[in-house]
Each structure stands twice: as structure tokens, then as C-alpha cells.
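Chain nomenclature is as follows: A, B, C and D, assigned in order of appearance, with residue numbering initiated at 1 for each chain independently.
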Amino acid sequence: MNYQDILNEIHEEIQPYLKLGKVASYIPELANVPYEKFGMSLHTVDGKTHSVGNAYENFSIQSISKLFTLTLAKQLVGEKLWARVGREPSGNPFNSLVQLEYENGIPRNPFINAGALVITDVLISNFDNPKDKILDFIRLLSGNKDINYDPDVALSENKTGYLNKALANFLKSFKNLDNEPEQVLDVYFNQCSLAMNCCDLANSCIFLANDGRSHHFDEVITTEKQTKYINSILLTCGTYDSVGDFAYRVGLPGKSGVGGGIVAVMPDKFSICVWSPGLNESGNSLAGTKALELFTTMTGISVF
Amino acid sequence: MNYQDILNEIHEEIQPYLKLGKVASYIPELANVPYEKFGMSLHTVDGKTHSVGNAYENFSIQSISKLFTLTLAKQLVGEKLWARVGREPSGNPFNSLVQLEYENGIPRNPFINAGALVITDVLISNFDNPKDKILDFIRLLSGNKDINYDPDVALSENKTGYLNKALANFLKSFKNLDNEPEQVLDVYFNQCSLAMNCCDLANSCIFLANDGRSHHFDEVITTEKQTKYINSILLTCGTYDSVGDFAYRVGLPGKSGVGGGIVAVMPDKFSICVWSPGLNESGNSLAGTKALELFTTMTGISVF
Amino acid sequence: MNYQDILNEIHEEIQPYLKLGKVASYIPELANVPYEKFGMSLHTVDGKTHSVGNAYENFSIQSISKLFTLTLAKQLVGEKLWARVGREPSGNPFNSLVQLEYENGIPRNPFINAGALVITDVLISNFDNPKDKILDFIRLLSGNKDINYDPDVALSENKTGYLNKALANFLKSFKNLDNEPEQVLDVYFNQCSLAMNCCDLANSCIFLANDGRSHHFDEVITTEKQTKYINSILLTCGTYDSVGDFAYRVGLPGKSGVGGGIVAVMPDKFSICVWSPGLNESGNSLAGTKALELFTTMTGISVF
Amino acid sequence: MNYQDILNEIHEEIQPYLKLGKVASYIPELANVPYEKFGMSLHTVDGKTHSVGNAYENFSIQSISKLFTLTLAKQLVGEKLWARVGREPSGNPFNSLVQLEYENGIPRNPFINAGALVITDVLISNFDNPKDKILDFIRLLSGNKDINYDPDVALSENKTGYLNKALANFLKSFKNLDNEPEQVLDVYFNQCSLAMNCCDLANSCIFLANDGRSHHFDEVITTEKQTKYINSILLTCGTYDSVGDFAYRVGLPGKSGVGGGIVAVMPDKFSICVWSPGLNESGNSLAGTKALELFTTMTGISVF
């Protein structure tokens, strides 16, 4: 069975799962997305693209943005990054303040909210205009110049994001932010608001499957070693407090967002993005995780 | 030995302890207070006043203000208050976020920072001008119209109080603040900045020793029952994470602040205030606690 | 109204509360006690006794025994005791292992299970026959030579007390037990199994209201200072994770047990014991706490 | 460079690292092993073996045994296993009781001590003679009939293993052990005491690199799917509280033990075992981790 046939079959099999998840409801912009949406896009390292469903419809990438900001920050400060943020799974909800208190303000990894705020702080300290730089980088990775922040989503999160404000101020109290919490939150809420589709996201991640090089433009994004590093962090920390379950069922490095998107990569083979707004209890797309599980089961391809 | 002789003897005995504590250093206004300062003031329910040392010199009352705002809030909403804040000792540092997360945003008691922020939120919801009301109340209790906020202290705390900002936003994320965190913090930083002396504070607390009535004016502050309630909370929660030690050594209901002040009361007998800026590891005045221990040992008077 | 009338009135008023609590069910010996039982006994420092209901019926004193073992251990090792156990309220359930892990095996106070095991360990290290010594001490305090361990209760607890076994081994792993966990648990399960009635217990505690002296025999149990010390620990740590609530509503130093008994003392006035098997959520007798609240409200007598 | 040359080079490069770790000291049998020991053994799926250093010298496999008992238990009860133990990284030290309390006695994964005790409990409930069965299974996997328990090590751990006793009793208090803690601990201490060498262990793990089949005997140990499952748990949970670091630096599913051994597998390619007694702060072999990092860096082979 070829990849397109597999995507088509998943599209059919996944229908009963779409309504089982719960759409994120904390801001209207996310709550209003219909749960029936489902898209999937696969990009192979030899340049082929296969898509199914709503693969070309934009959604809010939310925490998937943490993968891109980590890649940028790692380019900027290298291994020094690990003095300010760990690279261990947290064993706690993604927005917990508990561990941060016990571990003196050093977030467990760059993919929990506290860690992502530290990463954003690094970008602010290194770029004159961090919001532009992040946007330029995403446009470069995806090859899509039309990608943009969604100001309504960013504003909504700024109005209601008390937990993230608590985290930013808590980090600052441990002196693990160089900039003011308000600045860091402004950039952070914007990066989370990026509107992209499955095809954009699969395109943006192909460098992780291709030893750091994109196939649609001629630039090295990360060295081969850095690429492996990022993939390892994705696998051990990329899907909130269910990384073990995701590795068990899907078996690929991946990153999820509460907008319902998940990106995953198979080194030397492909990048893949799936989108379905209904979330499971851990905050990952329920049908999206199931779709990826079906994909690795049907193809027999995973890192294990 | 009469009370004045006892205060004089304590004043002598306490000298070697003054330099053992550590003056709070997180804002310049507190850090610059000389550690040699020591004052003590005793007010008896029959209207006598005894003082020693720097008893008439102003200091920043800080967390002692939580006693006055609790009294106000209890007057306003009565037993309903306990739906939003507990009345149990925390067994944790006064500014911990851990317990708040495990207990769904209900602070353990009104005297840890999180609880005090909820109390301040209650005042804001009930008063048109909460800052004026708090100030009026303190002036009434103390009988001193000249008491005022210290705007420099309030501003400094607002600039550097990231941990309190984290707490306020965290409470708001649990929907346990009705007002915006910024508003609550503004009033809170102001109440903490109040500048008072030992005599003012002992005067302000005499109602707790006198079944709710002051001796220097003719108004019932709290009913006899409410008075007992407040005293019980002082004893079990008033001195941060060392209430057990304070009860063991001093044996009186009391409230401390990081400015180095401690107020305490003996029901039916007296209120007392001591000030010495050097703090012990729990954030209570080191020499102040020792002075109160000497006082209850020498007089043989305590609630136990 | 005299004391006997007050006890009689409480006996009537308390009836609807008896069935609201939940009888401890983890061993058959406790589960089989009828919830309707209610007894109360008051002993004044001038030697009078007032009783009501099932005041002369034996029940399992359970954690109330911790008060007697603490008194013994304090006699033996004095202030050195505090190197191995704290005297702060825990802010956690009485059998929690969490705090013990964060605080390196030093229990918060002598009245949570972990702390009581350390106290028992002290007795084992200091007495050739600790079980006999404890029994002798209780018989002396109560003036009742017929008091005894209940071997069925002790055996049941030994068979099912996995949580206490976990605590003892956990303490040992931190080297905060000198003896083997099995030995400590054996003595501990026995001390908890002591069968006593309200009158015995009020008698046994009168020394705490009487500056350390009993009125029914001529021996100093504790110095005046030690007596105050123990009372302070009772007030801040004696009633599990609801010491704040107990101080607020009752306002007396007290110690409870899951057998449904509670002892309390008013310095210079009286000791009191109440028994009702139904427990509230914190593990204290529900109707017993209510009865004590009624008593201090009706008499207007409390430490506050 | 061929595999043997790479092993030889690693053997040279690793020398300065041998003395940097700290040999486990809690029982004499482990403490007495010289830190200079270093062995490494590689088994490829096409049946080749390469070894270097002390690859044929026995050491105590300790927690590596958890991999074998998990494989057995998964065969016995399948997916039902996950009702009693999770498969998420813990984000806590391997012997922590904290998380167990917050998560009601369900250990985070089969590789922390609490989880491994549950697994052993499953084996006891399903086998008449679990110790024989475990030994038979290891002898089968390794092809070495001479492998045996080390009774001195097992006895030493039984005498001093208070923390494991605490864990077993704690699990039992949550009713997550079917058998008595003593029984479970007896089997557990024995399985940890198994004495094996690098070659035995690499041999024993080749099925994980070979879709569930061994190359040295004709039996399917696990299905292809089960094999992937176990590898995923190894990667996300196999190396205590540093799984993120191990994935980052080494990039292979692996399991470590405090005896200084680490096994790892590369699906479709090889299994590998390294031994060096000095441990890093997380309890993994310091030089062993470094040797595996050198191996995956020099060969460019990892799952990422």
C-alpha cells in the first residue's frame, strides 16, 4: 500500500474518533473550531507530498511553535542553553509550577511552558526584533510567505493567560528571565498564535528528518548532530505529560499543540503533520495521536 | 518586678541577639534599616502603656498588615470568607506556590501571601476606595492620624515583587481573585508599606486582648467571638512556617512582618509589639522573637 | 449554669451529630464500635469530676497515646528530642510520606505518625521493657491499674498497617530510627491499642492543666515549663491536618485519635475528654469536636 | 572503521572517565568492585560478537533485571499490565515515594523501583516458583546455563533495603500488591542480585534489536509489536531521572543498573552492553554512558 492509500484509509478509520476529544475552550478563537476538522500531510525526504482532509486549512499552532523557537535558540547559544533549562521529561502537567519551585526556577525542558518562556527570553535578548525574526524563520522553513501571527488569538491569550503570567513572574523571581515578564509574554503569546496548515508544518519540519537540510530550499538549518539532539528532546519531552504513551503507541519524535496539531518526524524518511481539534486528557489531539498510531502501525515504520 | 522593669531588663539582655539576624534585603528601603534598632511597647487592657528602646520610631509593618485586612474582611463577609481561603497552617514557606497548585487555588490561610492577596481582593470588591479604607481603619485602631503608606516602599515592591505577581496571577488562573491581579497587587504592596511604630501597633491590637473593644476610643471593633477567632488564626498561622516554634517559645497569638516587627496579644491582659530588623530563617524577627520569649518567661504569662 | 448541666445539655444537643461521622473501618475492632456511643468527662484542677453518657466505657485510644509517649520521651532526652523530630504543624495528612522525603526524614512533629514512631524509637532505646514502662506510666497518670493493651487491636494493626510499615522503613532509610522498624512498630501498635474510657483519659491529662502536677497522687509529671511546651504542641499539632479549625472552633490544646476520642485541656482550669466514634474528613471525632466547641462556647472558656 | 576498532578506540579514550564516577556503596558487595573495571560487548543481528576489556567478568545486574521481568510480565498479562503501572517517565528519582502518594499508588513506569515491585508481584501471582522462572528465562535469553543469583548480594540488600521495604509496604497500602511485601521483596532482591557479564547481557537483549527473535536459539521471545513497545519504554523510562540526557547523548533505548552496567539496542542492527562501576549523579554508569555516546557518535548510528 502506498503512502497516499494509507492516508486515505486513516482518514476513513479516524472518523469515529473525531468527536471523542475535547476542543480547547479557554479562548473563543480555539473553542469555535469545529471538532470534525481533520487533516494530514506527509512530506518525504525525497520531496514528495501526500495530503488528506483539511490539510490546507489554517489552525493555531500553539505549542508546536516551541519546536521552532528551540531550534533558533539552540543556533544562537548552543550548549550553554542547558544552564537555564533542562532536557528531561517533567512527569507533571505542562503548566505546573510545582517542579519549578522545587528545582529553583530551572524548567525541566524547553517544551513545557516555563521552559518555552526561557527560550523566548533568549530570543528577545539576541534579536532586535524577535517577533519578526521568528516569523521570518517559520516562513523560511515552510516556504510560505503568507504565514502570519493571529492578533486576535494573541490578544485573547494575553487577556486570559494568568497561568502563563504566573509562570513568567515566577521564573523572573528566580532570575531566570533576563527581560521583563510582560515582554516575554508578548512574544510568547504571539508565537503561539501563528496560523499554519498541515502542509506548512510538515514542510517546516522536514529538516529534522533530513539531517538538518530542507529539500525545498538550499540552506542548512541545523547540523546533523543538532538535528539528532532536537529529535531526542521531541521524543522524551514533546507531547506534554504523555511522552511515554506517545512513544509507545506512535514511536516517533513529535510535538503537539492545544490547537490540535501534531508534527512528527521519522529520521531519513519523512515528516508528517496531523490536525484534529479534539484533545485527550493530556492536551494532545486525540484523533491526531490515533491517526499517527495507525500510520506507524500500517507502515511498520517507527524509530523502534 | 513590674512590666516596665521587665521591658528594661529585656532591652539589656537582648543586645547580643540584635546582630544575629539578617535584615531583609530584597528592597533598598528595608535593607538600609540599621540592625541595632530595637523597640518594644506594651499596652494593658486597663489602659497603661510601657515602652523601651526605639518604640516610637517608624518601620515598615509589611505582613503585620494582614492582621488588619483580615479583620476588615471578616467584618464584611463573615464566615463566607472561608470558601476562598482556609484557616490551617501551611507547613510551607509563606510564599510557596506548591500547595496552592495541589489545593486548587485555595490558600491555606489569610497570613501566607496568597491568602492575604485573596483578603485584599475581598476589600477591593467591597470598598470604593480600599486604600483609603485600610488607612482609615489603621488610624482608628492606633488612634494616630499621622500614619501613612510609604510610597517608596510600595513602588520598590511593585518593581521587584515578581513572586507576589506570580502568586496573584496564579490565584486568578484558579478564579480565586475577582479583580485583576494588578489592582490587587497595588493595594497589597501599599498595605505592606505602612509605616508605624511599636506603640501604634500595640495600640492597634489591644482590641484583640480586650474582647474586641479598644480602650482609647469607644467602638466595638469585633465581637467577642470574632476576637477569639482572629486570635486562634494568629496562633496557628501568624508567624510563617514557624508557628509551632513561636507557640512553643512565646506562647501567645502573634503576627510578624519582614520589616522586623511582631505584634502579640494575651487575652484579657495586654497587647505587645516588638521591633528588631534582623530576621531568622523563617522570616521572623530573631531578637523580637527572643524578646517575647523572655517576656512570657519572666512574667509567667502565656495562653498555655 | 454549672458544668454538669452544661455536659447534660451538650449530651442532648449532640445526638443529631452522632451519625454524621464515619467510624474508622480499617480494622474490624474499630469498625464494629456502634456510632451512637458518646461519652464526656470533665476533671477540674480542684479535683471535681463531671461525666455524661458512655464516659466509663472503654475505647481504643489510638493516637491519643502519642501525647503520653511524647511526655515520657521529653522527660528522657529533653530538648535534644528536636534534633530528630520537628514541632511544626505539617499542613499534610497525618500519614503522608511526601513531606518526610522533602525534609530528609525529619518528621514535622511528634503527633503525625512518622514523628510518633521516632518518639517510640526513643523509648525503646531508653527502656529495657518499653511496653511495660508505657503501661505503667498510663496507669500512674490515670490512677487506674486495670488499663491494658488490647492484643486483638494490636495484632490487627500489625497485619494491615502497611502504611505505618512504609513510614517506619522510610524513617530507617534516613537513619532516623535507632532500632529495627519491626521493633518500633510492635511497640507502636501496642500503645495505640490501649483501651481506656473518658474518665481515665481526663484524669491522665489533668497534669497538663495543673502546671505538671496531678491532683490524685503526689508526683510532679512535668515541670511548669515542660507543661506549657506540651500544651503548645498540642494546640499547633494535636489534631491532624485540622489544627487551625480545631483552634478556631474549640480553642483548647487537644489530641485526637481515630478511635473517636479527643482529650483537651484548659490551663489552670480543667482537662476534658470526649468520645464519639464517627470521624470527620480529617480523622477527628466529628461529634466530639462539636461537643468541645459547644462546651467552650457555652462556658466562654478557651485559651483565646 | 569496523566495530571492533571502534570498541578498541573507545576502550582507550574512556580511561580518564573511569575514576570520575562513584561506585555504589550501600552494600559491601557493590562497594568492593574496583572502579577501573570496564567492559563492552556488541552483538549484531547477523550474529557477530565484538568485545573489549572486562567483557567476560561478572557484575551485579541490579536494575537491568527490570527489563527481563517486564518482558515476562508483559507476556503473561499483556496490556492489562497498564492498569497497575504507568509507562510515563517519572521526572523524579527512581526511589521517590512522593509521586506514588500523589498518584494513588500507581507507579509511573516499570523501571522505577515501585513499578518493578509491581511487576515482580505479577510474576509471583502467575508462577509457582517465580525465582526459578526468572532464572530460566535469563539463561534462555543469554544462552548461558551458568548464570545465577548471588545470595550474598540478595541478603545484603534484604538487610539494608529499608527504602525498598518502604516502597513495597506503601504499594501494599494502596492495594497495588497482591502478595505480601516480604515475598515480593525476596524475589526482587534476588532478581537484582543476578551476576552476569557484558557478553551475557548483550546476548540477552538481542531479541529487542531483532523484532523479538534471538539469533542463538529458535524461539520468538516477543512479537514485533511487543518488541517496539518495550524499546519505547526503555527510551522514555530506562535510565532513571536522566532519560532525556541519555536520549540526547546516546540516542538508543537502554536500561542501566547501579552495578554499573548499561544495555542498549539499535533496532535492526545490534544490542550492546557496557560495564563500568563508577556512577554519575543519576545512578547511571558515568563512563558507561560516555562509552555509548562515543559509540553512537563514531558510528553515526542512533534512532534519531
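To be clear about the criterion, a contact is a pair of C-beta atoms (placed from the backbone, for glycine too) under 8 Å apart; a residue touches a chain by one contact, two chains touch by 3 or more.
This is a predicted model, so every value here is computed, not measured.
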item	value
Far-end chain from chain B, centres as C-alpha averages	D
Between chain B and chain D, centroid-to-centroid distance (C-alpha), Å	55
Where chain B and chain C are represented by their mean Cα positions, the distance between them in whole Å	32
Inter-chain centre distance, chain C versus chain D - centres from mean C-alpha coordinates, in Å	47
Set of chain A residues in contact with two or more other chains	102
Touching pairs among all chains present in the structure	A-B, A-D, B-C, C-D
Contact set on chain C toward chain B in their complex	86-92, 99, 108-109, 224, 227-229, 231-233, 235-237, 241-245, 247-248, 251, 253, 267, 302-304
Residue ranges of chain D touching chain C (in the complex, touch as defined)	96-98, 101-102, 162-163, 165-170, 172-173, 181
